[in-house]
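So, here come the structures, one by one.
One chain, chain A, links the two complexes that follow: it is found with chain B in the first and with chain C in the second.
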Partner chain A sequence: MRGKRFRPWSALLNGYGLLFLAFLYLPLGLIVVYSFNANPINMAEWTGFTLDWYATIFRGASTEGNFDAAFTESPERIFGVIRNSFLVALCAASVATVIGTATAIALARYRFFGKRFYQALLLLPMLVPDIVLGIALLIFFVGAGIELGLMTIIIGHITFLSSYVFVVVSARLAGMDTTLEQASADLGAGPLTTFRRVTLPQIMPGVVGGFLLAFIISLDDVVITYFIAGVGSQTLPLFILAMMRRGLRPQITALAVLILLFSLTVASIGLILRNRKS
Partner chain B sequence: MTRKRNALLLLLAPISLILGIFFLIPLGIVVVYSFLEPGLYGGVEWTWYPYNYGRILGWPLNDYEEFDPIYLAIFATSLKYAFLTVLFSLLICYPAAFWVSRRSARWKGFVLFLITLPFFTSLLIRIYAWLLLLRPTGFINAGLEYLSLISQPLDLLFSGFAVVLGMVYIFTPFMFLPIYANVEKLDYSLIRASQDLGANPAQTFFRIILPLTAPGMIAGSIIVFIPALGNFIVPAFLGGAKVQMTGNLIERSFLQSRDWPFGSALALLIMASVVLVLMVQTIRAGRKQAGDAA
Partner chain C sequence: MDFLQIVSASKHYQTPEGPPVKALDGVTIDVKNNEFLTLLGPSGCGKTTLLKCIAGFEDLDSGDLILGGKSLRDVPAHRRPFNTVFQNYALFPHMTVIQNVGYGLDVAGVAKAERDRRVGEALELVGLAGFGGRRPSQLSGGQQQRVALARSLVLKPKVLLLDEPLSALDRKMREAMQIELKTLQHAVGITFVFVTHDQEEALAMSDRIAVLSQGRLQQLDTPTGIYDRPANGFVANFVGTSNLFVGTITARNGESVTLETANGRQLRATGNRFQIGDQVRLVLRPEHLKILAPGEGPDRDGSVIQGRIKETVFVGSTIQVHADVGFGRTVILLHPHDNRNAQREIAPGAEVRIGYAAESAHLIAVADD
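Here is the complex of A and B:
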């Protein structure tokens, strides 16, 4: 009887839910479809299937055909910025994972004065608007005489990524049974042995998940990187930003699809690891 | 005992150093800079200079600089767009949260995963998608013309509408997840009780469902409001030259006109709004807790 009363609402709600998912995914789907559109001028008008735009990313533009040389970047340049981005993401996410995990363990397993201060402080980098953190770091680095470059980007990323890793690992620690740790201590294992043999294996999915999410956030960060990148240290998002400012061309669309595929894959693994029950 | 203390110090040292040196000190310097005089060649003069705020808020100034109401007007626009973004995100995510909470356990995980995923895709690419959709020759206009619904392309891009739409799109996961966490815990027996006692659907919604899900809505609203207020990427691409937000002014003060103290003052205006919102929420939550305890 209850089911009957809800039924028309149910159908309406189902329709709405599908619309909601469509709103999230249709714009991304359109990019994918139209990255194969042969029309070099108007991307909205379908004139045929082509893989040319993907080819320009790996092989550069050929001299013949309808390539607009001014809007087609060379593969060396594209792979240069991709290398920068991966270097930054790998370094920043690794350091942030160590720092975030250590902090999560300290706050979950110890009682100390000032704990609430740390809990609030760790949320701040996620709450302060990106632009404020970006200019603050810019002023700081310039004032301290540190030359802007990949190093400053890595440091800037570590600052806010540590908080993200902290949140993910803390969630894992909160749901964990502490009896094994106590048993290990009772049986005479030192704190380091207990950590390495008991705690770490149990929180590992959280640590790896936190690392992957930090990696993706670093790889995609625009605003903070925008302010603290030096002249010779362009990352992939800054490169896309510069390309978008010059105008929309099919090559960006193809590059966008490749980036989309990569981040979707890594984020999926990260989210699945985070949600997996031990 | 001391060994345990040493372990704790070791665990907390890295985060204290990182957040102390590269977060708290830089934010402190922004505060200091906002009260310094801009130097001739882009640096700062170390003299007390409150006129960065004077330029924005309009109190007595020296002879050289005039109060320009445009800065306050742009700030008001930013507030307006941030509020509209919150409002529309709420309207879109609220029913969606109910939809997801009523899926079977197997589907629920999958749908939640689908909704979280876009957060981890490139922000620029999500904005790029809307550029392609909203352009005069874009997909929406092309589609409407194909269906003969319009004869001339609509001016969708470079408007407040495009900026709000873009921000709603990129912040949807931020609004959805806190509301969902709340809706998921909703006690349906209270709703049934309300119906059994003769309340009509509107009464049940406004007196039972809405108050019970308000905490999630408030949390989501705050998480969306903060990045929306300081945003400069979305207005830069979807607002064009027509829509200016405070974030665009800050960006230009730092990277083009190189007036860092003025940019710092604008950034602190944003920060002050953020702190105000968080304080109101903390006080409200505290009062509610006290009320619950009493």
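Here is the complex of A and C:
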């Protein structure tokens, strides 16, 4: 189908479109360029191509060369916090997916007292400012005498990630034909069998999408995690934030590019899965 | 012995604003074993609600469903020995045809070898052998319809419930499926309860028809019974085309009665249910009305109505004639199409005498509406 033509405006519109894309992607492009710049002091000045900054992430700083050891973290530290981040994201996203999916089904398929109110309460964690949620969780954990650590981060993340999964799965459920579930019951399947063999396969793209979204959000959460992380339980974003306090060093740009690559991969897998299912 | 009894079934729905709507209002039907029963009515008459209540997707407010002497009210849908063919077929899109048809058997724990055999038989029965590996989205509407039928029939239900299953098909396919469904019902010997708003479909397929309107059962009878002896004005108008005259009975001689309309029209009919002075409705079907040749009298004790042809509609085997019979009334009749006859007198503007036989005039009490 051909769109409408705005001949006198088309050049202007195209220009605007390109500008907007530049606005979106120029900073990201810049960080990628910087991560390959050999200049260790001033990133804005190109002095040659290097992979050294990536090498420091995996091998640590070598003793010779222009490395500033004080500003370079060891691979053990980096992979320690990456492991923490993945552990938190995996656990929190998994639990949130179960809770969010179950809630979405309850709200989409059953009638019960206070349903509207319940629905509003579920969406609230997404709207409450992160800093308020972070402080609230901290007060709760301290008050309840729970020692801060990876477990408190996981619990904290589950509270708001469940809302995101709920929204994504609800959208999928709303588009599902409810007579499929009736047909399953009609053919003799009990509620559990119907869920396992009809409802779940139908909403699977939503469930997977909700999980991936929750995973990514958990992976880069700073504000809430900052409040409820214990001393020995730093996550990757907190770690980078701490590194930044000592100045923007090339190793950080290399780390940022690796995180960017990972996020793009996860998002692509999500999209591919979604297209294949539908 | 009664098979499935629907006893004073009632159900209402709460509307967002205003009073509750009665979807079913004291409907009682005894469904016989192995019959093809059609629930017929306009949209909103309660026919689909009744079907859902039988299937177990909805609960009755009051009344009962009794199968073989036992109430079904506390039996959930997945434990009732009924299966449904849905209006949109509701085939599982993520399963193949074989998996769809085998679903009920699989859930019931039937072993794979037995299951494969029965699925094969069911697909054979609906003429879809060889389509087992396909997904529903790779099938035409008619084929999906057959898969839905096979999926239900493979479980050998006591009753097969069909919710307007032909409405999504085009006319040719629909007519073919009507015959096929009827043949299938004879072959499998299962009771069919079929919901439709299409009166031609109901007449063509059913052993008995239950006509519903506004949640109430209007008439339960054979197709010919419904057509020839409609119980009230609603049935007379909804099933087929009717010419209705309201009048008071002025004379009665044995079976032969005469009624007079408010316009002074004298019309004769046959019946013994009514007395002189009763208000009645006279039902005349278009095919029972005949344009009389000059000098010809009406058949067997009937009457003659004077009219002028307003419009003729050629429908193939017959010509539908709309005739103005005075006092603002139009009568519809079917005139046989025969190209050897001079058709000149059957043209708009022609004065005609319309006759009918007294025995073809059916009487309804006005109070029955």
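Things worth noting here:
One rule holds for everything that comes next: the second predicted complex is superposed on the first by the 265 of 278 C-alpha atoms of A that agree within 3 Å, B and C clash if a C-alpha of one lies under 4 Å from a C-alpha of the other, contacts with A are read in each partner's own complex, and residues count from 1 in each chain.
We adopt the following convention: contacts are C-beta pairs under 8 Å (C-beta built on N, C-alpha and C of every residue); 3 or more make two chains touch, one makes a residue touch a chain.
Note that this is a predicted model, so its numbers are computed, not measured.
Within the superposed three-chain model, A:Asn14 lies in touch with chain B and out of touch with chain C [touch as defined at top]. The wider contact with chain A, measured as residues touched, comes from B rather than the other of chain B and chain C. In the overlay built on the shared chain, the residue A:Glu76 is in contact with neither chain B nor chain C. Looking at the shared chain after the overlay, A:Pro129 reaches chain B, while chain C stays out of its contact range.
In the superposition on chain A, A:Ile139 contacts chain B only, with no contact to chain C. Judged by the touch definition given at the top, the superposed model places A:Leu187 against chain C, while chain B stays out of reach. Residue overlap on chain A between its contacts with chain B in one complex and with chain C in the other: absent. Contacts from chain C toward chain A in the complex involve residues 55-57, 76-79, 82-84, 86, 88, 90-94, 103-104, 107-108, 151-152, 155. Chain B meets chain A in the complex at residues 3-4, 7-8, 10-12, 14-15, 18-19, 22-23, 25-27, 29-30, 33, 92, 95-96, 98-100, 102, 109, 111, 113-118, 120-126, 128-133, 135, 137-139, 141-142, 169, 172, 192, 226-227, 229-233, 237, 247, 250-251, 254-255, 260, 263-264, 267, 270-271, 274, 278.
Interface residues of chain A facing chain C in the complex, by the touch rule stated above, are 177, 179-180, 182-190, 193-194, 197-198, 201-202. Across the complex, chain A meets chain B through its residues 2, 10, 13-14, 16-17, 20-21, 23-25, 27-28, 30-31, 34, 42-45, 98-100, 102-103, 105-106, 110, 112, 118, 121-122, 124-125, 127-133, 135-140, 143, 155-156, 158-159, 162, 166, 191, 213, 216-217, 220, 222-223, 227, 237, 240-241, 244, 248, 252-253, 256, 259-260, 263-264, 266-268, 270-272, 275.
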